[in-house]
Amino acid sequence: MHYRYFPGCTLKTQAKEMEDTALAAASALGIELQELPEWQCCGAVFPLSDDELITLLSPVRTLAAAGGEPLVSLCAACHHVLKRAQEVIKRNPDTREKVTDFLEVDYAGEGRVLHFLEVLRDDLGFDRLKEQVSHPLAGRKIAAYYGCLLLRPAKEMQFDDPENPTIMEDLLRSLGAEVVSTAYRTECCGAYLSVTEEKVATATAEKIVHSARRAGAEALITACPLCRYNLENIGGPALPVYYFSELLAEALGVAALKEVARG
Amino acid sequence: MAERRINNMEKIRTAVAQDLLSGRIDLLLGWEKGLYWWQSRPLFARNSEDLQRLTWDSFCVANLSGYLQEELKENKKIGILLKGCDSRALNRLVQDQMVDRERVVAYGLPCPGLLDPRLLKQEAGLELTALGIEEGEDRVTLTGTKGKSIAREELLLEKCRRCHHPDPVGCDQLLLPPVGSREDRSRFHQVTRLEEIPAEERFAYWSSQFERCLRCYACREACPCCSCRECFVEQEEPRWLGKAHENSENFIYHLTRAFHSAGRCVECGECQRVCPVELPLMELSSKIIKDINELYGEYQAGLDTEQDPPLLTYQPDDPAAFVE
Amino acid sequence: MSTALGKTGEVPVNGASPEKERWTPLIVAFCCNWCSYAGGDLAGTSRMDYPANVKVIRMPCSSRINPLFILRAFQRGADGVLVAGCHPGDCHYTSGNYYVRRNLSLFRRLLEFSGIEPERFQVSWISASEGDKFAGVMQSLTEEIKALGPNGKWRDSRWQSVE
Amino acid sequence: MIFSESYHRFIDELKKNTGQDPNQCYQCAKCSAGCPVVAAMDLLPHQVIRYLQLGLLGELEESRTPWICASCFTCAARCPRDLDLARLMEGVRLAVLRLREGNRLSPADLELTPEQLEKLPAQALVSSFRKYAK
Amino acid sequence: MPRIGVFICWCGTNIAGTVEIEQVVNAARSFPGVVYAGDYRYLCSEVGQKLIKDTIKKENLERVVVGTCSPRMHEVTFRKAVAEAGLNPYLLEVANLREHCSWVHKDPAEATPKAIALVRAAVSKASLDEPLTALMLDVEKRALVIGGGIAGIQAALDIADSGYTVDLVEKEPSIGGRMAQLEKTFPTLDCAACILTPKMVEVAQHPNINLLTYSEVEAVSGFVGQFDVRIRSRARSIDPSKCTGCGICYEKCPAKVPSEFDMELGKRKVIYVPFPQAVPNIPVIDRENCLYFKRGRCRICEKECPAEAIDFEQQDEIIERRYGVILVATGFDSMDLTGYGEYGYGQHPDVLSALQFERLFNASGPTAGQVVRLSNGRPPQRVVFIQCVGSRDIARGQNYCSKICCMFTSKQAILLKEKLPETEAYIFYIDLRTAGKGYEEFQRRAAEEYGVIYLRGSVGKVFPEGERLLVRGVDSLSGRPLEIEADLVVLAAASVPRRDAPELARLMSINSDRYNFFDEAHPKLRPVETHTAGIFIAGACQAPKDIPEAVAQAGAAAAKAVTLLSKEKLQSEACVAKVDPARCSGCLHCEAVCPYGAIAATETEERVRGELLTRTVAEVNPALCQGCGCCTMTCRSGSVTLQGYTDEQMLAEVDALCLQR
């Protein structure tokens, strides 16, 4: 189980604990995540206009660097941009030619682009993961929060059912936690609106957190640093928001290795 | 090696003599030496004198199955000596109800692969009349020159070089020990070579070939699977094709004849061998066989008579060689 | 009156010769009565537009085709031939087009092997409700054949067409 | 004036870049119904498409809606006409940025406290500048 | 060369609009064999046909070529006209100058030469036409109706009433179909059972109808007048002659499974009748879930049955019969809604499909006619209906409008307000489609009299919040986002063909459209016939439709069936294959590919050098041959040809078309 690993800018800064806990859990599970020797920011948002080629350069450079081996990322936004960039390269020969000529790389869309959750579900398997859980999160009522970028557009991301995903719930169950489900788990958290339209972002995030709290959740998990920031940056009683990897590491008993200062 | 060939001959002769003389068969189809040592021609043996001329050597190339349809009109039961390809031709004719298997006694002769006189002439560099040959296990020495010896594989007829099943199938008795199948040999290298050259060059190649065609129809006469009573070129109503020496007509004759052999050709190479202007006719039917194998699964005509011929069956999800 | 194409074989190899400008492709289409011919009728009732170079011969089923009809068309100077039938499984006679698919697949590869451009002989499944596909196939077929230029490859040099 | 000359040039450019044709929409308003930030919009998403269909480009220029859209793809996931409104919205944003006004966001306008700036994930800054500035 | 007459039709301006008729007629006059060439504005009209008949007699024509619309349209008309003039009807050829020429080529400079080429081809083919006579085949005076819904029932009754025996095959244990599941029907609010049950009883008691329920068609072969059909009548595990329908067995049966009739809302016993008014009123044992069949235990029904009618050893019965006509009325399913996760269907008990909601109103339904929430059993205060779920949706559903949902939702809203006047009813719609007789008025009553609130817009998502369902939508007319706290959400699911429709279509080789609804021969001219002669269709299996239309189509299809059955003899296909024994070498490849088994081996004699030898050749049975021509493609030597489309004719057409650049 060897993968090339793309961390993304935020995982080296504000979301350091996501990377540390994920890498610790991965090695405990015998999954080798070999960081790309050289990488840049994935671009955070996927360019939605066909004449925006410059913004494809960075993700395609990363895809080419993986050299056709399976490429794993932890952050939902990075996985979203990389996967859709690969899809464009596969589907649009004209764009491929322009971008790969400019980058002077030979890349035609080969290799699997995976999120770490997909590795756990499809390659490792949640049942084998359950066997390695030493500290089950017994009695912990956790709600899974997916957001947008992992699920949509479903035809390209092929991650899970966009309206009724189960991958995070299945992970939580294999970690022994008690799963709480809210219909807001696939609603947008407000994303980059928190920079310029903070009130709008806070309103959407509040709906999600309050619904989880009403459903009895004690904490939320997510796979996206921006979702976590928005879900914590709300008025009224908040809920702790963990990265899924933090609970994973805790259940595997490797979390205590490094006490992380929680904001 | 020579003795082995002689007692092989005796084994064959005694086996067939028993059936011919006892009246079990009233005609035996075999080979006899022709005018020169490198020629063996078909033998129609009816009595023991004829049998004396019977021979089995590396030049008995004619596919005798082609005579059965006509000969069975007069003879009640016919014995026939069959190499691997010949036996498959018989099976295919039986499968097409052209020949009644009950009225045929098939003697199988596992075939060591036959020699090509043209290649012998090239090797010897002399007229063959001044030579003779000694056939060893897998080498051939030319007597009368400085004792030159060549690997047998290099002297084989083109069709034998591609032969996967030298052992006859579906015969009543095998007169010699089987030699084993040779699935390792490549069959379609000529076809692939032609497929790879551009279309214009291919058209030029075939045009130059078919321009030489005399429309003598020897290929049709020699081919065992050409079993129609009246070939489409002969028909007047409708007049499918003219008789003129016209390049388009030569093209259409050969393409149609090859297409009519689809699912029937046993790659016995007779069409190419008998052609007076040496047209590469085997490449046309081999191309079809290659496509059948690629598109609809491995099919060797006459090898397994239980298997449906490719054009008489279908699968709902068959691939198509066009954009559906 | 020998036409600009001269004797067989002297084919203006796709060069943009002046004759090419005046030349319009002649395409013969064999259509099965129940599906593709009815698709053509639907294209008509829907007033779709496609080039007039394609002329249709009606057959009860695509399995009425005989390779010699196709070769005869090429011999008479056709630049392209189409055989159209029902989608496999929808044949009015249950299995006709299954056999056509095998026969014409092998025949098309044989033609290609003999040096004729594959675009000149095409097979297409068009159902009675696909008027748009019928018009589309006729359009794309004419354009492809126009790009290839006249087909002198098998034109019988004795054949005289009238203006 | 609904269909001015510049309209046709604008719409053809929009269609080419986004690969989407506004006329495909029959105004069922499913996008507006599911949009998480619709409350903050002056023009509802389906009205944006309607304005594109009618060529009311001036109003689109003034509207806040393209800048409230968070590109969360919910509308595109549920549209019964398979129209990708996320791409259309980006097309409108780019048109306004490129043809009219220039950038809508510069570092100076950020009203974020240093402490917020430190906690805000880099991803948020990169995304918003990529959406509001060219 | 036979004397040929050419008649070019103007077809008003349809042909004359882009084809220079004059040029075509003059060109035709020059074709070999043509002794007369004329034109007329409306050739298919009475006067036009008279022109043809008179000219045949005056010029004693031996072949006729008409340049008109598609032969698929009027070939039969002109054949009749030619026959009336004493000429064999198959000595006529049609050049398609309209659909294949004038309507598709705008430029006369292109259309006219093409028209001339098409006429030239028709003339060259006509010159080689031979007179053909169709055989007269007998017609099995029995009809098969597949599908026991309202359409199948109506068709069976109409055919039976005209004196012919009918086998009505129904897959479910009882006839009644979709309509039996309804409570009331629009626009009259008739109770569905009240108008359906009497017809079901009439079917059961009709002397000419043989009812085969719990049965399926397995194989169909043959052709019009002589369809050979194999039907599997599945074992009910109950002896019908003994069973009195008392119902003790399904009272006592311990095992319960979700009821298909109640759309999985309620439960039914393993030995069951789908609904109380079932016809026949004989239960069946569902062998997949019966404890005895699964684990060899129980047999309580056997002990309890006073009539000892239970028979576990009963086997499926295979019925093989010949029919003159087949009438397909297999109805429709409502679409599976799992692809629409945003509504929470299948996740939350209070989100129902329209058909499930209908069952709540039904006295024999899962809630005995009480409209209550399935989560807590209490009546709803607020019900939200959502339209076009799966319809008009090219992304996840069907690209058509299912036609009946606007009406049945308005009906359900009225039924709801009649039962629970205080309950609020909201309907999210895109366009209200109420096009039937009395439909608009019915919908206005829902809005004005019953206060149903119609919201033009859609629902984005349904959020289960505590006890209730938060429905987030928008009213696009006012441009206002809405949030409604609902107790029940009802989805108007699209109507789609039955799951086994593609298989049935293939069984009978009838065409279907890209959604798998069966294709009618012509939407306007032959709406209840299929392309396969002798097979008719009626009801929702052809396209979504309401009960009035289904019944009307059933009557029409029955009438068509009866006209066919009333014929003493049927004309067989005249253009059939024929073998030339002299040329045939007896390889019988043609027999291997013939889809109708119309070719067989036969003996023939041949004199070879004074001796008479017999050999096998192929022979075509003209009664079975349908004229497809597959044998001609397979025959290398061209020994078998297809009359009406002989090899000479096909080559002549190719030559004619290629003669003109």
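So that you can tell them apart, the chains are marked A, B, C, D and E in the order they are listed, and the count of residues begins at 1 in each.
Rule of thumb we're sticking to: a contact is a pair of C-beta atoms (placed from the backbone, for glycine too) under 8 Å apart; a residue touches a chain by one contact, two chains touch by 3 or more.
Bear in mind the structure is a predicted one, so any value in this text is a computation, not a measurement.
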item: Touching chain B and also chain E, the following chains; value: C
item: Distance in touch steps, counted as few as possible, from chain A out to chain D; value: 1
item: Chain whose Cα centroid lies at the greatest distance from that of chain E; value: B
item: Result of counting contacting C-beta pairs for A-E and C-E, higher pair; value: C-E
item: Most widely separated chain from chain D, with each centre as the mean of CA atoms; value: B
item: Whole-Å separation of chain centres (CA-atom averages), chain B against chain C; value: 37
item: Chain centre separation (chain D, chain E; CA means) in Å; value: 47
item: Distance from chain D to chain B - Cα centre to Cα centre, in angstrom; value: 75
item: Centre distance in Å when chain A and chain B are each reduced to the mean of their C-alpha atoms; value: 68
item: Contacts with two or more other chains, residues of chain E listed in rising order; value: 342, 461, 593, 634, 638, 647, 651
item: Sequence positions of chain C contacting 2 or more other chains; value: 68, 72, 89, 95, 99, 103
item: Multi-chain contact residues (two or more partners), chain A; value: 162, 187
item: All pairs of touching chains, each written as two labels joined by a dash; value: A-D, A-E, B-C, B-E, C-E, D-E
item: Partner chain E, residues of chain B touching it in the complex; value: 73-74, 96-98, 227-232, 235, 237-238, 240, 260, 311-312
item: Chain E residues touching chain D - in the complex, by the definition given at the top; value: 342, 388, 392-397, 430, 456-461, 472-474, 476, 479, 481
item: Touch list for chain E against partner chain B, complex; value: 582-589, 592-593, 608-609, 613, 616, 634, 636-638, 646-648, 651
item: Interface residues, chain C side, partner chain E - complex; value: 24, 26, 28, 33-35, 37-38, 40-41, 43-45, 47-52, 55-61, 63-66, 68-69, 72-73, 76-78, 86, 89-96, 99-100, 103, 127-129, 135, 159, 161-163
item: Chain A contact footprint on chain E (complex, rising order); value: 340-342, 344, 347, 461-466
